[in-house]
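Each of the next two complexes has chain A plus one more chain, namely chain B in the first and chain C in the second.
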Partner chain A sequence: MAFAWKAAGLSYNRYITVASRVVRRSLKEDKRIAAERRGETELRFSKWENGKQSEPRNLNEANQAAIAEHAQSASS
Partner chain B sequence: MSSLRIARAALRARPAAISRPILRRGYADVASDKIKLSLALPHQSIYKSQDVVQVNLPAETGEMGVLANHVPSIEQLKPGLVEIIEESGGSKQFFLSGGFAVVQPGSQLSINAVEAYPLEDFSSEAVRNQIGEAQKIAGGSGSEQDIAEAKIELEVLESLQAAMK
Partner chain C sequence: MMLSRAARPALRAGAAAAARPATLNATNAATYATLREIEGRLKSIRNIEKITKTMKIVASTKLTRAQKAMTESRAYGQTSNTVFEKAETKALEGEGKKTLIVVCSSDKGLCGGIHSGMSRLVRKMLLEKPDQDLVVLGEKCKAQLSRSNGRNFVLSFAGIGKDVPTFADAAAVADQISMLPTDYTSIKIIYNKFNNAQSYEPIAIEAFSEEAIAQSPNFAAFEIDDDVLANLREYTFANALYWALAEGHACEQSARRNAMDNASKNAGEMINKFQILFNRTRQAVITGELVEIITGAAASEEG
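Let's turn to the complex of A and B:
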């Protein structure tokens, strides 16, 4: 059984993140505000090269870029 | 849907018919006819190894009902409604964002999901608005990833809308 999201190059992790985000957004106002903060991540990382720290990057944004790149290389 | 409800009513009616006095006791009789249910989210556990009678799951392979002594299995869950029939006879419904259900030997059922809420916590207006937006993106000329994500959202929202009716 092939899932459409898998064919588009998305991971299960990304799939469940999107599905949960939309569930949180469908809640009634009071619950939604309390729940929506759970979807935020603020994890950052940086690479050390030649003893120097590179610019810290947001993990979520880096993941997004990696997925887009992966999808491009898969389709070409 | 109505045929499903009849089947469920029949399931519930059955234990009453079986409850005749036990004439002989072997160690198999000790086995309970309840499932120990754990429904866990990353931020909360809704059920913690609690005894329930039956759990209906929206598995990717189709709707399934789990009773005691179910064969061990692992099921991926679709975004959809989980129904839990409790010992008191009442039933509770939660909308799950998708996850996994693991049936372990000894009538243990663990459901892991990211979000689970009772239906009354959802706003039908928010669902309707989001369906409109997601349809626009899914039919638009965005990147393949944006379209795929919009389609995921549509799947969740349509399931939610159907459950709320």
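Let's turn to the complex of A and C:
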């Protein structure tokens, strides 16, 4: 079984995040606001090497960048 | 008159040592200073009590929401656990296997010892097996563990604990962890298990690797394709993370509520003590002044 989103470099978690975002956005106005709050993340993360912390980065942006990179390497 | 003049230098000395704690057996000469001192202390303790009380109320309201989120998230975690129980999945044992420890703490303190409890457990695990890697969620455990085990860190996350954790949080964290270059055979998630409003304990749950799932004895009963297995692993990992985060969050709120409750109680006790001390000292000052006036009057009558 091959998945289109897998070929595009998305992970399953990313896939369901996108899918749930679409569902939340298509809700009615009053329900949508409450539901969209459940889909927000404001996490920051930083990589560590040899006991040193690097610059903290926004998690969502980093994930998207990683996926874009992944997709390029998959298509080429 | 003699008495009041003798009191002057002592007053200056008392003002200089304002930081010194006011004691019950303060000498009569220093009472002018300590009276003001006690008043100041009383005021500051009252303010602290107000703050801790408010924080307790805030934590209480957040606790109800956190507990609701926790019971909801338990469904996620337990459903995926049922799969592994039925499949009798076990963690792979062997030499040269890399283990990853994910610690679910939060950014905020003022909630008793829940973060240090987890740090202690992680340190113990690292003592037994020092080549495990660490991923830490939340600033508190990061600060504690980076001092002793900074070399084991591979990732740290911040911004957790502002609100009830969402599944989107867990999914994003799980993605970032699965993007790590090293292949981990076993992932342990450390979180605080919520026993009841008063007690919690740090425990570890296991998130299995693909191999471990594929090798479990009853795996064939589920008829899972190899392609889908990776998805299942990612999804169950996010599930487990979400469960751990939500339960940890509920623990934190209840711990904060308890800590603030105790702090308010202590502040109340101190206020009582200082109020009594204040009244007594005031009385002593008045008596002292009266004695001064009477002796002065008596002396001038004689002369």
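Keep in mind that, in the parts below, the second predicted complex is superposed on the first by the 70 of 76 C-alpha atoms of A that agree within 3 Å, B and C clash if a C-alpha of one lies under 4 Å from a C-alpha of the other, contacts with A are read in each partner's own complex, and residues count from 1 in each chain.
Here is the rule we use: contacts are C-beta pairs under 8 Å (C-beta built on N, C-alpha and C of every residue); 3 or more make two chains touch, one makes a residue touch a chain.
What you are looking at is a predicted structure, and each value in this text was computed from that prediction instead of being measured.
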Which of chain B and chain C A:Lys31 touches, first, second, both or neither: first
Touching partner for A:Phe45 - first (chain B), second (chain C), both, neither: second
Touched partner set for A:Ile16, first chain B, second chain C, both or neither: both
First (chain B), second (chain C), both or neither touched by A:Gln53: second
Intersection of chain A interface sets (partners chain B, chain C): 1, 14, 16-17, 20, 38
Residues of chain A touching chain B in the complex: 1, 4-5, 8-10, 14-20, 22-29, 31-32, 35, 38, 64, 67-68, 71, 75
Chain B residues touching chain A - in the complex, by the definition given at the top: 42-43, 60, 79, 95, 97-99, 114-115, 117, 121-123, 126-127, 130, 134, 143-145, 147-149, 151-153, 155-157, 160
Touch list for chain A against partner chain C, complex: 1-3, 6, 11-14, 16-17, 20, 37-48, 50-53, 56, 59-60, 62-63, 66
Residues of chain C that touch chain A when the two form their complex: 146, 150-151, 153-160, 162, 166-169, 171-176, 178-179, 225, 227-228, 230-231, 234-235, 238
